[in-house]
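Just passing along the structure, written as structure tokens.
Residue numbering begins at 1 within each chain, and the chains themselves are lettered A, B, C and D in the order written.
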């Protein structure tokens, strides 16, 4: 049914995210080596691999279950800063979904997920964190819905906004997370969490394609 | 880079097996390290944890006079809430539990989540943030917790052993943190098993100033210099933030790859520096205590002592990594 | 290569100043490290020494339950007779002095000369030669003394503390040496301050087998392998020379540049190997104890215990480098 | 006086040896790095520097005093294997000299010095040690005396024999000292102690030149 987002779509999203993170693991770790502690790729790869296992072991029966389970698994298995942050994103997103899931409902839930990340990490856009990819993605999604876009288009636009947001972290000076310790030296490097957020949003667009 | 490991994925698990096999005083289960004899009824429990790769911190500081349980995460990755919850429950002897948390976003978030989720145990939390290399905390995640973590664990551990209540143990832990400052210098980066190559490149004629303990780059670079100058540089940074006076506890800590003989060379310079400021080193530690895998370099941690802190520092401790005065 | 030193010439002197400043229990004079409180009348004195660069061996093992004095030579260079004579005289509490000498030509010659020159003190000497990597001793200078030196110093030190006479202390020292075997593996060479570059080059995919503790090359090379295989290789060499059975004391020793977490990974493998042979690890040490500056790698030392040796191993020891059971 | 070996000659020898060792310090340490522990050049440089200081502080009045003092200083300041060995060489050499020192007397005393090294180190020629340079030098010296050579010629021949002896250690397998631990792997490298012995003998020839 067009406009309806079902369990399989979200399963495809988490699987796609796992594949993307695996494929880009060394690049993410490399970005983290430049301004952090060289573990972001390993962290997310471990996390999304565990998400895949959990979703196979306890097959979810609703989109909300997929996302809450993914978030819980990320919190339980990743550690570091990104574990609680991505975990909260997915959990809050899942918890905010009404059944059946409409595109507009998803966009609102996604906004709520991103806000949860902002609350937890006390970061705002421009602090050179994953927020710099997630917040523009949320806005793009909401706007696409308002403009009547279908899910393919809407997710595409969100993914593009995330990607642009990630690249836009390069000239920024980090003010949150480990990269903030570098002061001026954090300038000129892409934030690893923003980069992984862009990958995850691209996986959503691909899952709906 | 060659590593004495089986696989990059299994290194924490394998090392914990070795730790358990080597120390009958410890018990290891589900990535938590406990005292084998369990919590002492009525004693405040001390729990700490953080990424692995900093050994002996924290796991080898579990034992009488120090921690009740430690949660080692993956290499340089904060532990997950499940570990912290398990550790907190197991460390509780009925008098509540103190979480000793190094101030990193990851550690803070995971410990907070854990504390929220085990609301059946009274939990107090102390943030260790001693690293003077992190300036203008308005624009950063705040000062990192580094070497002072050991001081906090030792001194709060001693007070807990005396039977003090949770708020008192938390109070002294915060006092130690307030009285402590650190600064680190790296001669080389370190190599994580997963990355297999140095986290950053450092030319032969440069040092990295103001490093943390995750192998992350520091605030700036400076030309390589004799031990005397590097020690003075670190001590000036500390002295500028917490003027050195009276009785000091000083740790010259190796980052993991520096020979002990070089740490003693640095300690001689630090001691002379302190004397030059009219203060006194009355207690000291020289060795690899809060490490960053195989990084070459050192950090200096200074704590301004008072009567109570000195007494608690001297109190018996019996852990694999720190042991005296039983 | 960057070193935390002032100058290559002053490194031993500077480090000894740091050692003295860090440990009020030690006194350092003219390149000899003593117990601050002096010899105990009626107790056999224990003196050891060797090149520097092996810290904590020997200087940080001076104290109750272990050595009375240590003579640190230049980096990797045996001490000179003058130092050994001073140490011997100062360690004598009237019951004679035991020289604990690692079997290297330089150590042997310098200790022999010293013993000859202080014929007013009854001196017994024990040669430590535990390194199974040195084969066919007819065609070599004989097996090197490596990790077992720590065992000899600890156990003979405990017996001396009990008031045993010189010949008894020497007897147990030789017994420990007889019961002990070691094997070392290097992942990298080390860099001496004077040379400023690695003593040997070791490709990324190779390890050096059967190394000593002077950064000298070993007997052969082998491809880099997982910790399990490297540990098995070392343990097979030991087992082939002294079959593992009953109760064992095992040290997994870091060469100076290897992170503790990796040593625990190795220890887990060693413990499993020992179990596989039907023997038991009943006592253990994991850490950097007998090092080669910043070399990455490990050595394993195994000692077959009996009742007396176990009792003496467990006896109190209170030195900067080894401390328990007071 | 031709044929007479005086205090100045021996002072010149120790000074020349000190210069040669300083000049070749890194080469000697390099040879020791290959089959030993990379300290031979530093050891001898430290030792001969101290010899120079001792001889300046307590000016010797006889050849015997120069050599005994040099030997004692080497024993007291070098450490390692080479300290006692070179120290004994010079001490025994000095002690065996009659006054005035004739070339024949020196040759006999030198033989006695080399024997002291052999006794102490329990090494024989062919074991790939300093003996491989010292023993041929002693023999060449004695033979030159028997053939009526003057000191220039005699010392020249001794130096040449030492040099050849040192080079001849290259194909040998070490059986004494630290290099012996390498077994077959010691083959193909010049022994550092033999190399330094050749330098010291060359310094003697130069002092008499």
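Note that in this section a residue touches a chain if its C-beta (ideal position, glycine included) is under 8 Å from a C-beta of that chain, and two chains touch if they have at least 3 such contacts.
As the structure is a computational prediction, the values presented were derived from the model and not from experiment.
Traced through touching neighbours, the fewest hops from chain B to chain D number 2.
With centres computed as the average of Cα coordinates, no chain lies farther from chain B than D. Spacing of chain A relative to chain D, judged by their CA centroids, is 74 angstrom. Computed centre separation for the pair chain A/chain B is 32 angstrom, with centres defined by C-alpha atoms.
A straight line joining the Cα centres of chain B and chain C is 28 Å long. Counting partner chains per residue, chain D shows two or more touched chains at no residue at all. Residue positions of chain B with contacts to 2 or more other chains are absent.
If each chain is drawn as a node and touching chains are joined, the picture is a simple open line.
Looking at which chains touch one another, you get A-B, B-C, C-D. Note for the complex: chain A touches chain B at residues 29, 33-39, 42-43, 46, 75-85, 120-121, 173, 175-178, 180-183, 185. Of all residues in chain B, those touching chain A in their complex are 51, 73-82, 104-106, 109-110, 113, 133-136, 139-141, 144, 192, 194-195, 199-200, 210, 212, 214-220.
Chain B meets chain C in the complex at residues 1-7, 11-12, 14-19, 21-22, 52-53, 55-56, 60, 187-188, 204, 207, 224, 226-228, 230, 256-269, 271, 281, 284, 286, 288, 291, 293-294, 296-298, 323-326.
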